[in-house]
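Note that chain A is present in both complexes that follow, paired respectively with chain B and with chain C.
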Partner chain A sequence: MLGEGIIKGLAETARNFVGSYVDEDRLTTVQYPEERLPAQEAARNFPFLLFDGNDPHAGLRCVACQICERECPPQCIYIEKSKDKKPDYVGKPQFYPAVFDIDISVCMSCQICVEVCPFEAIKMDTEFELSNTDRFGGLLLDKHQLAKSNEYYHKIHPTEAAGVDSRLAADKAKVEAKARADAEAKARAAAAKATALPTLKAAPAPEA
Partner chain B sequence: MNGDVATDTAGTVSGASLIPSPEGAGRPNYTLKPRTSEAGEIEGELLEVAMGPQHPSTHGVFRMDVALDGERVVKLKPVFGYLHRNHEKIAENTSYLGSMPYTDRLDYFCSLTNNWAYALAVEKLAGLQAPERAEYIRVITAELTRLVNHTCLIGFLLQDMGASGTPLMYAFREREKVLDLFESLTGARMMCNYMRFGGCRCDLPAGWLEQARRVVDQYPRFLDEFERLLSENEILVARTQGVGVLPGELAVNASITGPMLRAAGINYDIRKVDNYGIYDRFQFRVPLGEQGDTYDRYMIRLLEMRESIKILDQALRDIPPGPVMDPKAKIRGFRPKPGEAYGRIEAPKGELGFYLISDGGPNPYRYRVRPPSLINLTILEDLCLGHIVADVVVILGSVDIVLGEVDR
Partner chain C sequence: MLDLCDQIFVLLKHWMLGWPIWPESVKPLVSILLSIVPIMLVFAGLFAIMTVLERKGLGRIQNRYGPNRVGPYGFLQFAADGIKALTKEDVVPRAADKVIHFLAPLVLIVPVFLAYSVLPFGRNMVPMDIDAGVLFFFAVGAATELAVFMAGWSSRNKYSLLGAMRAIAQMVSYEVPLIVSTITVVMMVGSLSTVKIVEAQADYSGQWPQWHLFTPWGFAGFVLFLIAAMAESNRSPFDLPEGESEIVAGYFLEYSGFKFALFFLAEYLGMFAVSGMAVTLFLGGWTAPLAFLSWLPSWLWFFAKLMALIFLFIWARGTVPRMRMDQLMNFAWKFMLPMALINILAAGLWHFLPAGMGRWMACSAVIGIPYILLGRGLVGGKQFAKRTYRFAE
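For the complex of A and B:
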């Protein structure tokens, strides 16, 4: 019969329409600004800079090595290295970025900067409501706008952040253990020297 | 502002001298002559219509210069290039890894298969081997991509036919479920940037496989629904059967690949021919068409989706634990040895290949994409001749193009 296929199809449409009142699978619309879908943990949007502790300057992990600047495919990162140094999380003096800008109107959210960063200093944000009335200056984020705390990172990517923290803690423990072993070895050497050469007045005090 | 844009008979703008263009440059290579009846009376002229680049149903910025005799198409010239973004040259100037996010933007419906084809080419070049688990993840994501692509294609095809809304919305509803899976795995819905040379960027998050299994288990129900909605619909049948017939011989000669070729009855699927990745482990069939018309091209996609679900069932069942990256692979300072490689896969639209030449540097010396959309589009004129304008839109819809890939 001509028209049978159409009627069959319309029956399907009717089933979907009626079903949308009872079946959640068939009604997937979310009334966005009022209702929101839960954020996915892996979601990514634009990069931000991580800092430890409370001070965005003192705790900033970035050491201005400029690897991300070189690797960024659309080249949206601009870094200027500082003249002086500040201690990083293991206490080693490191450079820090005097200027760190990301033009998020150019950024394509590929997260290659995150992958190449050896210092776990740059991570992906999930913030997506970034509309701005200034299309040039408003979308060029500087160091102060980019710096976000480790607590915030834990809030948006809990699993990933825990992994990063344990890795950094392990690194720090290794560095501290090495420092301690070095100090001990030095002390032992100094003591041995002192016993081997008793004529000397005093061995130099081992560095702590 | 009198005479500002007035032209004189020689074709130059008054007040400015223009470089005379060569005769006929920029125009189709045919002449429009008045048609005469047998009695010698002039019946009318052929009408030249530029369909696009802003035509709502041309799937993006793509122009077809059509010459019409009444409503019949007598000549059609596809004009590409409006979305050219210099992908290949950019890739020759960025690191190997740096081109990976750009491949997402070729065929933006199928970013994961694009990633795979590029990763495969670089792996051949650098002698890397993805571990078992990564291969399974690649198959799973690629087949999910195929589901998304084919579902949406059918939605768009029906939209082009004038079924405004319903099939496309149903398709997008299902697509959203798969995109949620992609987001929880890769972090992005469409621009996934997930595969790496020698594996995948990260392992599956906890619970992802169960979630994927749920989506895959529900998919056949949706396909049944879609088929009941569309396949027997008299309007769809009338609009597609016998329209845009592609003979198998022409398809082979024009190096058409993918569902277009198989709808013409040629048994050629790179998953079977090349057995790239681990496709030799899965039981699946390659559906073939008989007529090569638009209806066959519609149907072949539905059948392929059912085969994809079979592959997904097997892959989700068999996926082993283990690492997802080759230990030899490195992110920074990646420099493959000098040489060349061609990696190709069966993307949802056809054979997607990446040809790379390395000179040992951090970026490829030559980078070339073989995009299925572009090559499938080259025979558009042969499909459209003799059909009416409304059919041109339907035929274009059934070719399944994405302009990001055609123009690159």
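For the complex of A and C:
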């Protein structure tokens, strides 16, 4: 009969109306500033620079190689290489960025900088509350704003950070083992030299 | 004391009129103003609250919260919206007919306010008790169509024009069942005066009120009136003239800022006015729904019934999707109009048959049988089944 469907529909909407007051589970809205959804591990927004330890300058992994600057499709990264060098995580002296700026109003969150970085120095952040009253200066992040600790990285991307850490540790161990092996070889050579010294003394030294 | 409460606004007006500051010559003017200003304030305030309540109600129907940020529980949202509308830039299209474009919202709002002048808001509370009150109401109500077409035409925009043409087609079509369903009440009461219509429903049989709603022809008339009223006030499911998803906003597409707000205001005020008319015609106006509740002030009952009807409008909006233009027209001419005409016959039967069960049965049959048959005509022959697709080989 005509009108049956409308009665059914009205009953359905009435059930929803009353139900939304009775049953809290019906309201799926997350009232954002007060309530938040748990952060998603796979989320990404804008890049940041990683540093180890507590000092953002001493621990900064970036060596100012400028690969990311060159690869960045919208050209939002600006790097100036330092004049001096500082030791990196394995102790090797490296350049560091005197200036490292990312214009997040230009950045398109493509993650290419992260993928090309050979030093695991630049990663994607999940921070999204970046609104600012200054749309030029406020969205141009410098080295100090970009630098974030490895603990923070572990907090936002735990699995990824663990992988990076183990890789770096393996690299470091390899370098150390090589250094140790080099040192041992040198020591052995020196010892061999020392033992061979008396016999060679008579002959004129070719190296000298 | 209760009597004072009931008549408080009437006494207040007489008291203010008695102030010695008015010269005798301006007293009629003051009396008019004392009637008009409260109506404008009360119904504009009701509009403000209703916009928030509607959004909250629709939200709840869709399991959302609705606005809840501005003020306690979001009830100051209308203030934020009003300030926004007032401070927005008023853009007028370069090709628009500027005079008509400017006049349209004013021409729309004036008849809508005029319609309130014949509604009895309570005992002795009618701004203008004229003999042809119902006729006056529908006459000024029909004037809104002019304004709608002025808005659509002067904007010089194809969507506006489409919206205006849809609006005219729809409003003219639904004006007919709206008025024909009113005729039954006028026939039974024997008067076009809204005050007389309310008085005719003011008696009680035991505790039960003698509203027109509780008769077969009154019930059918009320449902027809309500459906036609929804279409008249361009409310969903009859909001084709606005149709956001197909013609953007219809006839008021080219309006911005406060003029847009005026269209919005006129739509709601038109809805309130026509709901007030439905209350007057079928729901006994300001009379209490049960005899022992008559001690409550009469104006309270009027507004309670008005709010109940508005809630019905919001409920329907949250339930039914927008109709198609041909469905709309078929419904108006093939169902609403025949039913309204048959309803007149039923009302005549009711008048001439002796009171009793026989009269009830006869009237219900006269309305019910054509309802089922006409309903079959609208729905019938259509087989609703799972759609099958034929793909190219």
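Just so we're on the same page, the second predicted complex is superposed on the first by the 170 of 208 C-alpha atoms of A that agree within 3 Å, B and C clash if a C-alpha of one lies under 4 Å from a C-alpha of the other, contacts with A are read in each partner's own complex, and residues count from 1 in each chain.
Here is the rule we use: contacts are C-beta pairs under 8 Å (C-beta built on N, C-alpha and C of every residue); 3 or more make two chains touch, one makes a residue touch a chain.
Small disclaimer: the values here were computed from a predicted structure and weren't measured.
When the shared chain is aligned, chain B comes close enough to touch A:Glu115, but chain C does not. Applying the stated contact rule after C-alpha superposition, one finds that A:Ile67 touches chain B and leaves chain C untouched.
By the touch criterion stated above, A:Ile6 is placed in contact with chain B and with chain C alike. Contacts of A:Gln31 after superposition: chain C is touched, whereas chain B is not reached.
Applying the stated contact rule after C-alpha superposition, one finds that A:Ala185 touches neither chain B nor chain C.
Residue contacts after overlaying the shared chain place A:Gln40 against chain B, while chain C stays out of touching range.
Considering which of chain B and chain C touches more of chain A, the answer is B.
In the superposition on chain A, contact is made by A:Ala14 with chain C only, not with chain B.
In the superposition on chain A, A:Val106 contacts neither chain B nor chain C. Comparing the two interfaces of chain A, the one with chain B and the one with chain C have residues 2-3, 6, 9, 12-13, 16, 26, 28 in common.
Considering their complex, residues 2-6, 8-9, 11-13, 16, 25-26, 28, 40-44, 67, 71-73, 108-112, 115-116, 118, 124, 159 of chain A touch chain B. If you check the complex, the residues on chain B that touch chain A are 94-95, 97-102, 104, 166, 170, 173, 176, 180, 183-188, 191, 193, 201-202, 205, 218, 225, 228-237, 331-332. By the touch criterion given at the top, residues 57, 60-65, 68, 315-316, 318-320, 335, 371-372, 374-376, 378-379 of chain C touch chain A in their complex. Of all residues in chain A, those touching chain C in their complex are 1-3, 6, 9-10, 12-14, 16-17, 19-21, 26-29, 31.
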